[in-house]
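Pasting the structures here.
You will see two complexes here that share chain A, one where it goes with chain B and one where it goes with chain C.
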Partner chain A sequence: MKDFIIPWDDTRDMGTPEKHGKPVTLIIDGVEVTVPEGTSVMRAAAEIGTQIPKLCATDSLDAFGSCRLCVVEIEGRRGTPASCTTPVHPGMVVHTQSDKVRKIRKGVMELYISDHPLDCLTCAANGDCELQDMAGAVGLRDVRYAAPEGGALANHFEARNTSGEANPEWLPKDDSNPYFSYDPSKCIVCNRCVRACEEVQGTFALTIEGRGFDSRVSPGAAGDDFLSSDCVSCGACVQACPTATLQEKSVIEMGTPDRSVITTCAYCGVGCSFKAEMQGDQLVRMTPWKHGKANRGHSCVKGRFAYGYATHPDRILSPMIRDSIDQPWREVGWEEALSFAATKMRGLQEKYGRRSVGVITSSRCTNEETYLVQKLARAVFLNNNTDTCARVCHSPTGYGLGQTYGTSAGTQDFDSIEASDVVLVIGANPTDGHPVFGSRLKKRLRQGAQLIVIDPRRIDLVKSPHVRAAHHLALRPGTNVAVVTALAHVIVTEGLCDESFIKERCDWDEFQQYAEFVADPRHSPEATEMLTGVPAAELRATARLYAKGGNGAIYYGLGVTEHSQGSTTVMGIANLAMLTGNMGRPGVGVNPLRGQNNVQGSCDMGSFPHELPGYRHVKLPEVRAIFEDAWGVEIDPEPGLRINNMLDAAVEGRFRGLYCQGEDILQSDPDTKHVAAGLAAMECVIVHDLFLNETANYAHVFLPGSSFLEKDGTFTNAERRINRVREVMAPKAGYADWEVTQLLANAMGADWHHTHPSQIMAEIAATTPSFAGVTYDLLDQKGSIQWPCNETHPEGTPMMHVDGFVRGKGRFMITEYVATDEKTGPRFPLLLTTGRILSQYNVGAQTRRTENVIWHDQDVLEIHPHDAEVRGIRDGDWIRLASRSGDTTLKALITDRVSPGVVYTTFHHPETQANVITTDYSDWATNCPEYKVTAVQVSPSNGPSDWQEAYSAQAEKSRRILPAAE
Partner chain B sequence: MSPDQADANPPRKLIAMANQIATFFASQPGGTQAEQVADHINDFWDPRMRARICAYAAADGAGLEPLVLAAIPSIRVPELQD
Partner chain C sequence: MPRDIPQPEVDEIQSLIDAQLHLEGPLLPILHALQDAYGIVPVAAVPLIAAALNISRAEVHGVISFYHDFRSLPAGRHVVKICRAEACQAMGGAALADHALARLGVEWHGTTENGAVTLEPVYCLGLCACGPAAMVDGKLLGRVDADRLDRIIGEIEA
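Take a look at the complex of A and B:
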C-alpha cells in the first residue's frame, strides 16, 4: 500500500489529464492499480506514486508523445511505448524501469542537453526546472555530442562562436511582455506552451515554426513578438513551460519562492484559486492553483500578474481627516480618525435623524467585511441604509431570479459547461470580462458545442480561432425583452416546449397565461424585427437551436441587467430555461456572470437595504428576531435607501453621512454630475479604500484599506462558491478592513470583539440558514463550498433546483416590452453602450496601477465606419461624446464590431469619465442604472471638455495632503 | 437644499420610478395590479420616499399613472419619530 495522499493538497504533476471511464485494473512494477478507462499508463503509475520521467507531458494538457523520455516496457508488446500516450488496458503488466528504458532515457536527455546552455547556477529556473530534474532522474553524467571542429555551431544557445561569428540559429530574448520573458536559447521545443495556449487558453497565439532542428516556438505571425501577437498574457504557457524559457520576470528578478499560500483572486466573479508564492512577506508570483474548482489551474492576466497595485506607492497608509473638502488632507493616527468619524456620524444622526446616514458595502471586500458593514448600519446606525455596488450591476438578477425560481444565484457550477451542447451568451463578454470561464467555454465549443451570442456588439467569441457562433443576434441596445420574448414566442408556437418538465416543475396555470401572452403575434420575430434589428429567420433558428439542440445553458451579464427593463429580461431568461426544461442537471441552467469578485457574496451578506443576510426581507418579524437576539438591538422593519436614493436624498438635504468601503461610486455610478452633487451635499463622507479614489475627492475621512493579500476571509464567486482568502502579508496600514469597521462601530458605542474573521463567519452561519454548515475548518478541508450548505447539504450544493425549484413551483412571468425613456432623436441620434476589456478591471483603480496599462492606456470610442464618415471622423481622432447628461472627449476607433447607429466604450479611466454621459434612468424594480443605453451625439473635437478640465482641477485640489506635522 | 425646499418641488424621480413599476405590473395577470404596485413600493422604498409620493399624490398627483394613484391607498406611510 502506497502513502495516502490528501487529494486537494496534492500538487504533483500526474502527467496526463484525469479521465472518467469505467475502472480498469493493471499491474505496474508489481503493484496492482485501478484507474478509469482512458487513463494513460503514465498517470496510472503516478496514482501509485511512481513518477515516470517525462518532458513533453503535463497533466493540464493532452499527451503529445514527442520527447520519448517516458518510455516503458509492457509485457507482450514489442518495443518501448511512450507511457503518456499509451492508454491502460485490463490486465496490462508494465515495467517502468529496466536497463533498456534507462538507456533510451539517458540517450534522449543527452541529446537535449547537448543543445542546452549549462547555465543552471545562474538560471532563473534553477531549482524549479523539469529539465534539470529529469537530467537527475535519468542519471545523466556526461554529454558526448560536440560541435564539429571548425564547423558552424550546431546549437541554439550560443550567440557567437569562438571566432566571434554570429550563430544564425541563436535568437535574442523577447522581453516585450511586461510580466514574462521568452528566452529561445533555453527552449527544448516540447510544445507545451503551444498546446497550453490552444487547449487551456484557447487563443492560439503560439505556433512551432520550422521543422526538425530548425523548429522554434513563435508568437503570432512573422515579425511579431509576444506583445504584438494575439497573446493575452494569461500565463498558461509560462505555467506549462518546463524550463526557464518562459519565465516570470518577478522570478528572474527575485529568485525562487520559498513558501506558498492558497488564496483567491480579488478581481472578477470567476474567483480563481491561486498559490501566492512568497519569499518571507514579499510576493514573488501568483500561480493558478490546479485544484481550484472554479479555474482548474488556469488564470487570466489580471489574477496571474496584475497584483502590483497592492504595493503601489499611491497606496495611502495613514488615516486622514479634514473638515471640508476644499481643505487639504491632514494625516492623523487611527484613533483620532475614528473618533473624528464617529463624532461626526453620531452628530448627524442627532441633528438630522436616525435615517440621515448610511453605508455602502464593497463587492471587492470579503464576506466577513461586508457582513460587518451592513451590521454597522443595522445594529449601530439603527437603520437599513445599506447598499452595495451590486446595485449597479446585478440587482435585477436578485429580483428576477428570486421571483421566478426563489433564489438569487446562478444555478450551476462552472464545470457544468463541460456537459453543455448549446450555449446562449446574452449581454456578456466572457473572454474579456470573465476570462477563465471564457477559456473553459471555448474549450467546450471546440469540442463541438454550439454557440449563440445575443449582443449589440460583435464580441470576440462570435469569431475567434476555432470558434464560430452559430448565431449572433446583434440587437439594438435596449430591446432585450423584445428579443427574449420573441424567442419564447417561437418556442411556444412551434411546439418546442418541454411540457412534461413544465407540468412537473412549474405552476401550470401561470404557464398557460404566459403561453397565451407570448403566442400573441405581436411578439413574433417578424413583428419585432423592425424594433430589435434582429432578422426574424435568424431569431427563429436561434430559438430552435436552444430548445432542441441538447443541453442548453444560458450565461448572461450586465448587458442584460443594466437596463430600465433589466429585471424583466432576467425573468424572460428564466422563462426560457423553464420552457425548454433546461434546469436541474449538468450542462444547462441560468448563470449570471458576476462582475466583481464578491458581488455574489455582498448580496448574500445582506448588503441590500430591504433584506437581511440570506435574502430575507426586513419586514419579516421572525427574521428580524434572529438578528435582534444575536445583536441585542431592535432592527428597523422598514427598508432603507438604495445608492441612488441616498444621493437623491442627499441633494434634498435628507441624507448627510456615508461610510463607503472599497467602492468608487463617483467613477462607477451613472450620471457623474449627480453623484458629485450628492456627495458634495453630505457633511461626512468616510472613504475606506486602498487609494485616494475619485469618491475621496468629496470625503472628509479617509481610512486606509487592506488588499486581499493582507487579510483572512472568504469571497463567493458566481457559482455560489465560497473560497478562502488567506493573509500572506501583514496589513500595510496596520489593520485589515474588518478590523477597521469594528473599530468604527466601537467608536460609535458598539461592543464588538471579533479577533478573527472565522468568528464573523460563525455569526453568519448561526444567523443565515444557507450558510449554516459553513466553517473555516470545513473550507480548509474541502478547499471551497457552494452554498446552500446546511443539514440537508452538509458539503454544499454544486447545482440548484435539482428536484424542484427553491420557491416550490417555477413561476412564469409575463414580460411585456417597454421602450426605455432614453430615446434617440435629432440631437442625440446614436446609442452608446459600455463594457470592459480583459486587461483592465472596472474603474481601473487597481489595474491602472500595474503594467496592464500597456494593453489599454485609455478608453476609446468604437464607432462604425459609416457613422464616422458622415461626421468626418478618422481613426484615432479626438471626438466629443455628448448626451443629455453631459459630455466628454476621447479618441475614436473605427470598427464594424458595432452596428451603424451604435457606439461603444469602456469605463476604466477617470480622465474619460464615461459616466458623465450616462443618465440616471434605471431598472424599474431595482433602480439598477441603465448604463447600456444612452442616446448620444459624436462630433470632432480638439481636446478635453470643460467638464473634464474642471473635474481634474477639483480632483487635484482635493487630493492635496499636508505634510505630516513634526 | 433644505428638505422643506425639496418638498416644495414635485418628486420628479419618484414619479418616474412609480410609473415604471406600475407599467410592469399593469402587464401582469390577475385583478390585483394596484396591490402589486403597492406591495413592491412597500417592500423596496424607504419610508420617507413613500411618504413623499403619497403626499404628492394627495396634493397634486399630476404625472402619476392611474395605476399608481390606485395603489396609493395601499402604500404604508409609517409614523416616523426621527
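Take a look at the complex of A and C:
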C-alpha cells in the first residue's frame, strides 16, 4: 500500500504570500492559530497543516479569488467566502471542511474537469499537476456534464468533433519558445501565469483575452505567440502554472524528476538558488528555489533554462597538449598532460626566473577553486602573479569602497530594495544584466518608489510597462565623475546634507575639505552641462530627489567601473551616500551589481596580485605569516603582475607561462590584438575550461573543466552571500576543477591532499577573518551566509556599516574629473560603449551553446538615426566599426535608445570581437579597462574585415585535434 | 462585398490618443475615440496606446478583446443585437435568434454580404420585463417577434 504522506515539507505552497503584522488569533477547524495581521485564512490554515483545496492561489502571488475551490464557512458570516482573499480577524471561527463547502468544491471541480482533457496518463504534468491533485482532494468521482443528444458539448480541448469538424474553440500548441510550450487545450484560465508575469517578473507580457467561455491566456497582442510577445522567458509563468499548459519541454521529453538538489546558478552576480531536478544523473530541469534569499523563488532565462551548454558536444572531455600553437592538439591522459604542463612551467621558472609565470583565476569558478589557483601562484610558483577577471570589471569597486568605507563589497542584501524610496541606478542595466534583481526592483517601483537612471543609453528601466524613471540623465560616456561630483555639489550647496550623520559617522575635517572642493562653482551642474550633456535643471532635481526622497539606494554596474576614472566614480558614489546619510539601514546603501556569479568571491579569495585572501596586502609581514604557517612556504613580499602587466611583460619576453582557469581573456579583455600578441609570445599557456575558447587558440595545454553541476563548492554573490554549489552529476572529464588545480600543484612538487572542497573552505576560514565562522555545516543549516561571518557575527552580516563604518570613520574622497585620453576627433567622431543583453552572458561561451541564441544570434551596433543617416546606413546594413585599436564588422540597428554621437554593442560573439575595437586605456587605480568609452567611426561595409578573416582562419587552424591513436 | 479595413496613419491615431490623455483612466476613452473614428480599433493603435499609457501591448489587447464593441473588423452599416440571456430565452428568444440567423444568412458576429447588417448576440439588455429584447443601431426594442424583426431588417436593408 502506498504510504500516506502529508506533503508538508518546506516546499509546500502556503497559498498566499507571507505578511508582517501584529499577531491575530483565530480558530480553524477547532484549532487555535496565531498569524500576522493581513494573513489570509488559507495561509493561516496552511500554518497548522490544513491545505484548503485551491487552484488559482499560490504563495508567490497575491490572492485572486477566481477558482472558488477554496471556499470556507466562517461563523457569523453569510455565504462561503474564498479563504485566499479573506484576511484573518481576531476570534474568527473557520470551518474548512463542512458538508456545504465540500459539496461546492466538488461541483466547482466537476465544472473544471468538464472542459479539460482526461489524458492524465499521457500528460506531461502527470504526477506534477495541481488539477489532478485537487480532483483527488475534493473526491471527484464523476462528471455529470454530458453532451446533449446529437450535439457536442462545447469545449476547448478537442481539435475536432466526432464528425471531424474543426472545433473553433480549440487552439493549437504554441511551441515558439525554445524551452517551454503553451498548450491552450489544458488551460483552466486560473490567471496564475498572467499574474506571475506581472507581479513576479514585471514584464506584463501575458493577458487574458476575451471573456467568459472565450477567455484565453494570450501572450502579447492579437497575432503574437510567446516568442514574438514581450516575453523574456524567465519561467515565472511555467513555475506558476498548475497544469501542463505551460510546461518545460525537457519535462515533456524526459518525464518528471525523481530527486532534486539545491544549488546556485552559475551566471550573473545575483546568485540565484535553484533546485536542480534530476533523474539519476540526468538534469531534467532547473527551478528557482523559493527559499533562496537572493532570488526569493524567481529566475531568469539563463539560470532557469540555459544550462544545455553543460552537456554540449563542443565540450572537451580529454586533456590535450601540443608543443606549439600551429600544431594540432593531441589528446592525452591526465597524467601526461599534467606532467607536460608541470615540466614546462618549472622549466620556464628555471630559465627565466621565479616570476616569469603566473595564473588567472576565474569569477565563474568556486571560491575553493579560486583559492587554490592563487595558492598555486603563491605557494608553488612562489610569486604573486595572480590576477582575475574582476580586474576587468569590478576592481574599482574593491578599491573605491575599500578607501571610503573599509570593505570592498556592497553594503546591503537584495531584500533591502523592498524598503527603498528612491533608487539611483548608475551604469547598470539590471533588467538585462541582473534580471532577477531587476524584477525585484521593478516590483518596488510599482509600489511607488522613485527611480533615477544615469546611463548614456535609454535602458528598459527608463520606461517600460508600469515603470518610468523620474529622471534619466543621459550623460556623455566618460563623464561619470563630472556628473556624480555635480550631484554632490548640489547636495552640499543647497544644504541637503545629513549633517548629523556626517558628524557622527564620518571624518569631519575630511568632510569640510571635500565640501569646499565640491562647492566650487566649476562643479555646478550649470558649469558641467556642456561637458556631460546633462541639463542642469534635471541634474539639480535628481540631487534633491536622492537627498530628500526618503531611503535612497544606489545600485551601479560596469558602466561606473570600466572607465579611466572608474575608481573615482565609485568613491564619488560612496561620498553621495555618506553626504545624505543613506547608509546602515534597510533600503539605502551602495550596491555594486557584480557581473559574474563569483566576482565577489574571486576578489575575496586573494586573486589580486597585491592582496592575500581577505583583502590584506601582501607587503604586510603579519598577513604573510598566517599563510606561511598554513602553507609551509615563504611568500614573496612583492606584489605580482596584473593581467595587462602580464601581457605587456610577455610581449617584452619577461613573462613566459600562464595557467588560466575558466576565463577567456582573448575575447573578454580589451584590445584583442594586444592580448593575442601577449599570449602568442608565451611558451606555455595552460587553459582550463569547458570549451576550446578563444584563448585556447594560443594554448599549449588544455585541461578540461567541470561545469557548476559537476562539483561542490561555494559562490559569493553581489550581496556577499556565500551560497552552496552542489554536485549533481559526476565530473564529465573525471575531475572537478579544484582537483585539477591540486593535481597540477602536486605535479609541480606540492603536497596538497584535499579530498573535498569543505576542507578547502576550512583552510580559508582558518586564514581569513571575514570567513572565520564559515563551514559547510553552517551553510547547509542556514542555506547561505553573508560575510563577514566571525565571532561577532556568527550567522553572517546582511547589512554592513550599521553602527559605524568598517574602517572607523567614513572617509570623503576628492573626486576631480579628468577627461579620458580616449577622445573623439575628425577620424573617430563617435563614442562606443559596450554592454550585454538578457539572453547572453559575458563572452557567450555558455549561452551561445544554448537555445538562447534564438533571441540574440549576433552582436549588433546600436546607432542613432541621425548618425546613421549622415553615413548612409540603413537598419540591418553591414557596417565597419573602427577605432584607433582595430576594426570589425557587424550589422547596424537604428534606434534612438542611444543618443546622437554614441553607439553601443555587446561582446557576446567571437565572430564580432567587439574588443578588437576597445583600447588599452584603463582605470588609474586598478587598471580596470575602459571598455565603456572608445572613439570610433562607423561606415558602410560589405562583409567581414581582413582582421576578422585572419582571426577565424587562425582559430580554425588552432582548434584542430588529431584523431586519437588507435 | 469585402469590407475595407480602415488603415489610419500613425500620426492620426496618435493625436486621437493624445486628446484623451488628460483624463483619469484614459484607456477606455481612447478606445472609444478610435472605435468612433474608424469603426474599429486599428491593430496599429495597440503599441501606440501601450507606449502612451506605459502599459504593455498585452494589457491593451486584454482590454480591447474583453469588450465586443471594440471591433477589429468593421461592422455592417447597421448592427442588430439579439438578447440571448435567460429571461429572453424564456420568452422565445432562442427561436427569434434562430430566425434572425436564417433570415440574414450569417453566423453570430457575421455581416450580410451586401454589408448592410451585422448580427450579434448580447447577454441581457436590461429589458427582461419585455423579452425577447433586441437592439438595432443602439436603439432598444422590446417584445420582438419574427415578424417584427423581419420588418425592421427590411427597413434597414432598404
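What we mean here is this: the second predicted complex is superposed on the first by the 953 of 966 C-alpha atoms of A that agree within 3 Å, B and C clash if a C-alpha of one lies under 4 Å from a C-alpha of the other, contacts with A are read in each partner's own complex, and residues count from 1 in each chain.
Basically, a contact is a pair of C-beta atoms (placed from the backbone, for glycine too) under 8 Å apart; a residue touches a chain by one contact, two chains touch by 3 or more.
Here the structure is a predicted model, which means the values were calculated and not measured.
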Partner chain in contact with A:Pro465 - chain B first, chain C second, else both or neither: second
Which of chain B and chain C A:Ala166 touches, first, second, both or neither: neither
Partner, of chain C and chain B, that touches more residues belonging to chain A: B
Which of chain B and chain C A:Ala766 touches, first, second, both or neither: neither
Chain B versus chain C as contact partner of A:Ala537, first or second or both or neither: neither
First, second, both or neither for A:Arg354, with chain B first and chain C second: first
First, second, both or neither for A:Ala630, with chain B first and chain C second: neither
Interface residues of chain A shared between complexes with chain B and chain C: none
Residue ranges of chain C touching chain A (in the complex, touch as defined): 43, 46-47, 50, 54-62, 65-66, 72
Residues of chain B that touch chain A when the two form their complex: 1-3, 5-6, 13, 16-17, 20-21, 23-24, 27-29, 40, 42-49, 78, 80, 82
For the chain A and chain C complex, residues of the former touching the latter: 203-211, 218-224, 229-230, 463-468
Residues of chain A defined as touching chain B within the complex: 353-355, 384-385, 513, 564, 568, 609-610, 617, 619, 638-642, 645, 648-649, 651-654, 681, 813-814, 816, 818, 821, 920, 922, 924-927
